[in-house]
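Down below is the structure, laid out as structure tokens.
Order as written gives the chain letters A, B, C and D; numbering starts at 1 within each chain.
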Amino acid sequence: MSDLNTQLVEKYRNNFLQEVKDNVEEGDWVKMCMQCGVCSGSCPMGPYWDHPPQEIFMMIRANKREEVLSSNSMWMCTSCYNCIARCPRELPITHIMHGLAHYAKRLGLAPKNQPTIKFSQLFWDNLMKKGRVNELKLGLSLYFMNGFAEGVKKAWKMKDIGLGMTLTRRLNPLEILGGHGVKDQTGFQNMIKKAQELEAARIESSVKK
Amino acid sequence: MSDVVATNQTILVVGGGISGMTAALEAAETGKQVILIEKRPFIGGRVTQLYKYFPKLCHPTCGMEINQRRAKANTNLTILTLAEVSDISGTEGDYTATIKMQPRYVNDNCTACGACNEAVETEFDNDFNYNMDKRKGAYLPYNNAYPQQFVLDSRIIGTDDADKAKAACKYDAIDLDMQEETLEIKAGAVIWATGWQPFDAAKIQPYGYDRIDNVITSVEFERMMDPFGPTGGKILRPSDGKEAKDIAFIQCAGSRDRNYLRHCSRICCMASLKQSTYVREKYADEGKASIYYIDIRAIDRFEDFYQKVQDDDNVTFIKSKVANIVEDKKTGNPVLNGVNTEGYHRYSNPHELVVLAVGMEPSVDKDIFPVEIVLNNNGFIEADNKNGGIFAAGCASDALDVNRAVQNATASALRAVQVVNRVARAED
Amino acid sequence: MATKEYSFYPGCSSQKGASSSNYLISVETLCEELDIKLNTIPDWNCCSASIGYSGGGELPRLALSARNIALSEQHHGGQDIVATCAACWLATREAAERLDENADLMAETNEALKEVGLKLEKNETKIRHMTEVLIEDFGYDELGKHVKKPLEGMKIAGYVGCQTNRPFGIAGESFENPKYLDKLVETLGAEPVEKYDKKVSCCGGALAFSEPDKSQALVKDIIEAAYDGGAEMIVTPCPVCQMNVEVYQDQINATYGTKFKMPVVYYSTLMSVAYGRNAKESALDGQIIKAKKLEEIAAK
Amino acid sequence: MAEVIKTGTYICKGCDLGHRLDTDQLENIATGEGGAVLAKQHDFLCSQVGVEMIREDIDKGEINRLVIAACSRRAKTEAFRFDDIAMTRVNLREGVIWIRPETDEAKETTQEMANDYVRMGCTEVKFMHTPDPSHEQTLNKHILVVGGGYTGMTSALESSKAGYLVTIVEKSDSLGGTAGKLHKKVPTHSPYRDPEDTGVTELTALIAADPNITVHLQSKITNTEGAPGRFTVSISAESGNTINETFGSIIQASGFTAYDANQLTEFAYTDNADVITQLELEALAKEASGGAIKRPSDGKEVERVIFVQCAGQRSQKEGHLSYCSGFCCNTSIKQAMYFKDSNPDIYTNVIYTDLRTPGAGGEDFYRSGQDKGITFTKGTVNTIANNNGNLSVNYKDIILDEDSTLDVDLVVLATGMIANSGVNIDAVKEDEDADSTEVAVPVESILNLQYRQGPDMPQLVNGFVDSHFICFPYETRRTGIYAAGPVRRPMDTKQAADDATGAAMKAIQAVENAGKGRAAHPRSGDLSFPSFRKEGCTQCKRCTVECPFGAINEDEKGYPQYNESRCRRCGTCMGACPVRVISFENYSIDTVGQQIKAVEIPEESEEKPRILVLACENDAYPALDMAALNRVEYSPYVRVVPVRCLGSMNTIFITDALNSGYDGVVMMGCKKGVDYQCHFVKGSEMAHYRLSKVADTLQTLNLEEERVAVHEVAITDIKRAPQLIDDMAKTIEEIGLSPFKF
């Protein structure tokens, strides 16, 4: 990964905007921002962003690759789509944020110990297993993502909710034994694998371009 | 009215705002026969609803008075109000326009004595004041309205008020039997000067114009400043009628935005800069204006005006497209949320009143336009040879401020003159 | 009226024993009442919602939705896909549009689909949310005709949230002040909360697990505004919203010293009750914070 | 031949006039003191019947002067149009009954007001004549266009298309001007995506093929004299040949000069070949012709380029331009596209503070620039330094709030436009007054006008040629000469094309009106013109100095020479003349002065003061009319006389009024100064200037200064104008009546 990162730095020296355009989901749109700031002001998580979207776009243009990719900002996105709805320039900001986050993670530059990164990864791993999300397992793995002791503490804190969910049959403890899933799990996993390969190849080829 | 004489050497001007009047007068004063039609009951258009012009801070009525006098003095010019074009056929040098005229229910006998107004009772929303107040069903649209004749609102026809108005008139000026009229006139060239309309602020949902009382539009703010306007020249909050002294101006309200108007409406930055001086004019040191903007577009000597406003400590500039407005339910203050992008500063600013600098939407309705004409993506008429002898003037051609509209209208007058001169030469 | 058929994408949270299984129950009841037949997409998979991006890149995520659409094309050709979950609807519709606009992505996606023997052929399937179906294919008048027990005397805050609203939303509604839930509430005989400020505010659902404090701060405002507006209940069309706004109220009370006990129900629950169905069919037993007023009406 | 004056006075009883006023008394006054041969009352004078009655009397020769005592001259203007007779309007409605309460108490003073106005009207009309053109007029359908750039060429072609002859005088050796030096222009058509061909080649070809258009290259205007319809112009070629031709009107399209970037030391323009202006980049782009653009220093293909917006503009720094030139944002986008279109990998960054791309096309073009990958940075460039053969641009990024540096191959400075307005005639005048230490750069005149007031058009703001700017952008202070293009205000080619066409319209109109002896704007169509009694003239030159339009020259002996078609009929000369020898046929010292005197001054014991109001007919008078429409009341002791412009106010009016027992005089003119609202530009200013000297007169008469007031009144001062009148009434109440009652 870091090898890929070095190659990318080499290839796109001075032109992070181009790198984003080539390799980040919906990255081509970054150039269209006119710095009005409506996205930054519209974000419900606004106060927690070190750099709000519009500033990230400016940082991309100003070639601040490290700062952008190691930022925890993109991980604050709640996918509420306020920014997209209000952007006067049609930028799919939510997707660009997801794209930047994914790209940072892929290159190993994303901040360590960022809870959303972990949750997001756990979610993905969970769904990769059977093609559908197993909420109980996801929940439990979430509680234990920072180690056993903290996990027990968190799970204890959440026990009332868990109990409430169970009592209303909205959480099934038996799910731990298996749960829902697609029938053709191998095919499903192959499909995702193929998609991942194609995507990785695209990025690798951009280095060679 | 049906005695309008027109030939294919006549120039038809559609729209009697500042652009249409200019085009009509310039052509008429060059000796051409001109017919000017206007859909409202008076000429002058939107500028009549402005308090002051930028950058000179002079009053639109001043230039309008001169234009009216030019019109009164010129026998080459025929003005038809309450008239709209419903169809145009033919080609350059030989057009026939169908004109629909709504009844005024008042004829030329009217002396503007005002007796009918006193006699009637029912009140209607006053569109001249963007419905911020009411007017009676027999009315003079505004102080300097020309033609200086009263109008009966068609909604009083058939009611007692109509009879009262008729009875009150000593000059037989009220004709309740007037009907919609259709006339066909010839024209060699047509100047299309239908102007613009303020972008519908309710569509800009994050700003809550339809939900928050103290969010108003820039055009409404202009009416508030008129001593004879809906608030008697005071800046009053719609929610509680209190004077508003801390006022926010939001730029690009509907402009430069793919959700609304994609184009920059050009005038709004200057309009807000101008309106910030209104706040100071009314309240001196107590007046505060905050301008939320993306780029301040103050070209040429307007920049000097911008500098002057910037030098005013009571005017604050925030480089930000406001994200949304919520109402503080206790105070009625609109609270503006957003980020000042100059260095990333988050704000949540209450103001007593918010003025949306609404954009310019061209009033060229493509769907009902009677002949084929080239429009651009923003809905303005392009200068294009395919348009034949039809020429846009003023804001039908682009988002223009008054002086550029007049400049453009003067140019359009010549384009029309060229056509009718060609016709004249051919007929000689 | 003839039976209306749709290709149904239930989504993970609707599964039996999952967090919005109650949603599915009430939707099924509703469909009986309105003579709607939901044909579940065989072997559907998760859409990855809008949180899978850490592990899943753009293409793998598109492949997820593409598989569902392709399955629908194959098995329920001609039927619109209907989702009850906001995230499922959004992810699927977005994927369809992105693939439609970008031929390269479409080609790559189809290459991935080959692994499961599928191909996205036309990509013309309309992807709709259940509320869209109700409003557009039935309309308030028709929906009103089925009301047997009007929810009289109730004041309900219509909490629309994010993903059924932006970026697509319901046709004719605005992003900032959509009124369809209010109209629905009225249709069912209850009173909506006018000027419900937080109607489209985000509940932070996506970050409920990873950033609970931040998310709960948002939820607090949403509930508070409902109380301020005089509401005794919140109705929502989104399972993430429903769960997030309902289940953390005790924790919020502990943090902020509030005394929230605001029931949060699905529109489908409201409708089922108003249509005269019992508490179980309306999935009222799925409420962690009991909707007592509805239980009373259902019991009548 | 002494003319027998036969005044007919027609009194309307409509609009409540008959009810509120004793019209029989008015009739008696008209036929008595008013000297009218007939006076008639009518219930509804503006009706067809009423008008026909008047028409008949005129046609039968019963009357040769007409007084209509009804409503304001601004009302029913079309009905009461009698162009073939000297007429005046007595304003009984807006001037009397609408501003007075209908009470028994007020009845007497209201009637007195009406009586006086009838006296005034009957007196005024005695001194009026039907205006008749001087027969000086000449129709000359030949238009001179000064400057063969984009604007000049467009003006010429558009005038020709309308059937007029045109001569273009261009100082360089080819047509095209600055536009001709451009590689491409900013798009003028939808979808506003890519730079367009400048069209200069096409325009040049059209001009060459147009038999109506004559072109003089390498030529200048060395002399211009005359007036619209008969401008005599000397066109001198570099070769030494001079020809004289006459023209009907003139379009000045002298364009602009690019700001001298050598003044921008912080940007190292002088020292570094790779720091260039936009215009210089055009040359490079033209040379590259779509291929790679090479930097000047070493011919290396440019890979990284920065555009510095507002270079030396929008700045209060000394030597900088305070204004925004308007075109430069779009031009930089266009120029960045030169690079991007040839090679998308070239790095282009536009550093701006406000990106100004207004209008329908502007925003599309901005978006297109972004779409092509141009980077836009909100920032300010501080310095540019040489860095091993490259350039380091040090700037502050305003968004990221930090100082930054970018290394590039080429820097393009967006410098502004300076109008080629010729000699600043006002500055010349000021220099004569003050001992300026500044070294004046000698500026060559463009028009070499042989006008008393200087060789070029007056300038207004930032060195651009004066115009009324908002409502009447073409109205310059030199009738028949119209400025167009960047000499008028900064503009791009699209606007210049419109502007050129508009100026051509005005030039054609000037030709036509000069041919008929009709006045130009704002008294369009007025056939009256000023004349003077030579025997009384003292050659004091006040009229030539004060004429806002430079219409009056002086002959060898110092007598004024009127140029009818240059005159705008404001009457400022009439107001200026200390010996009162200047007058119009229908507007004169007498028409105003005599009606002032016609007012009946009550005995002191009656305690009824009289206040004279001289109101500008364009603004203050309409304001009073509108006050009446709103039934705003004001003092019954006032007598209002409308004047064409307060500039036509002769101080004799004031002294005469005070001498004959008026207690106060209020003057209402328009706003003066840079943001003037005066329709005659300087009229109001001149009146103020003259009044500054009235104080002495008051002292000699031993009268209080407060008895004379002058105000700037706008047309919207509907409440304020009556208030000003009442203020004077109050002042008089305080200081007492005038001692000059006889």
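We take it that a residue touches a chain if its C-beta (ideal position, glycine included) is under 8 Å from a C-beta of that chain, and two chains touch if they have at least 3 such contacts.
All figures in this text were calculated on a predicted structure; none of them were measured in a lab.
Participant: Which chains lie in contact with each of subunit A and subunit B?
Facilitator: Neighbours common to subunit A and subunit B are C, D.
Participant: Between A-D and A-C, which chain pair is linked by more C-beta pairs in contact?
Facilitator: Output for the comparison: A-C.
Participant: Average the C-alpha coordinates of each chain, average all protein C-alpha coordinates together, and give the chain whose average is closest to the overall one.
Facilitator: Central chain is B.
Participant: On a C-alpha centroid basis, what's the spacing between subunit C and subunit D, in Å?
Facilitator: Here subunit C and subunit D have centroids separated by 65 Å.
Participant: Can you give the whole-Å distance between the Cα centres of subunit A and subunit C?
Facilitator: Result: the chain centres lie 23 Å from each other.
Participant: Just the number, please: Cα centre separation of subunit B and subunit C in whole Å.
Facilitator: Centres of subunit B and subunit C (C-alpha means) sit 45 Å apart.
Participant: Show the residues in subunit D shared as contacts by 2 or more other chains, in ascending order.
Facilitator: 355, 378, 399-400
Participant: Which residues of subunit A are in contact with two or more other chains?
Facilitator: Touching at least two other chains: 34-35, 54-55, 82, 86, 89.
Participant: Could you list which residues of subunit C touch at least two other chains?
Facilitator: If we look for residues of subunit C contacting two or more partner chains, we find 175.
Participant: All pairs of touching chains?
Facilitator: A-B, A-C, A-D, B-C, B-D
Participant: Once bound in the complex, which stretches of subunit C touch subunit A?
Facilitator: 12-13, 15-22, 43-46, 48-60, 62-64, 67, 108-109, 111-117, 162-163, 165-167, 175, 201-202, 204-207, 209-211, 214-215, 218, 243, 247-248, 250-251, 285-288
Participant: If you look only at subunit D, which of its residues touch subunit B in the complex?
Facilitator: Result: residues 14-16, 44, 46-47, 71, 74-79, 158, 161-163, 188-192, 314, 316, 322-326, 354-364, 378, 398-401, 461-462, 464, 469-474, 489-490, 495, 498-506, 508-509, 512-513, 521-522, 524-525, 618-619, 622, 626, 629-630, 670-671, 675-677, 679, 714-716, 718-719 of subunit D touch subunit B.
Participant: Per the contact definition, I'd like the list of subunit A residues that touch subunit C in the complex.
Facilitator: Where subunit A meets subunit C, its residues are 25, 44-45, 48, 76-82, 84-86, 94, 98-99, 101-102, 105-106, 115-121, 123-125, 127-128, 131-133, 135, 139, 142, 157, 160-161, 164-165, 167-172, 174-175, 180, 182-184, 187-188, 190-196, 198-199.
Participant: Give every residue of subunit B touching subunit A within the complex, in rising order.
Facilitator: 206, 252, 256-259, 294, 319-324, 337-341, 344, 346
Participant: Taking the complex as given, what residues does subunit D use to touch subunit A?
Facilitator: Residues 347, 355, 366-367, 370-371, 373-378, 397, 399-400, 404.
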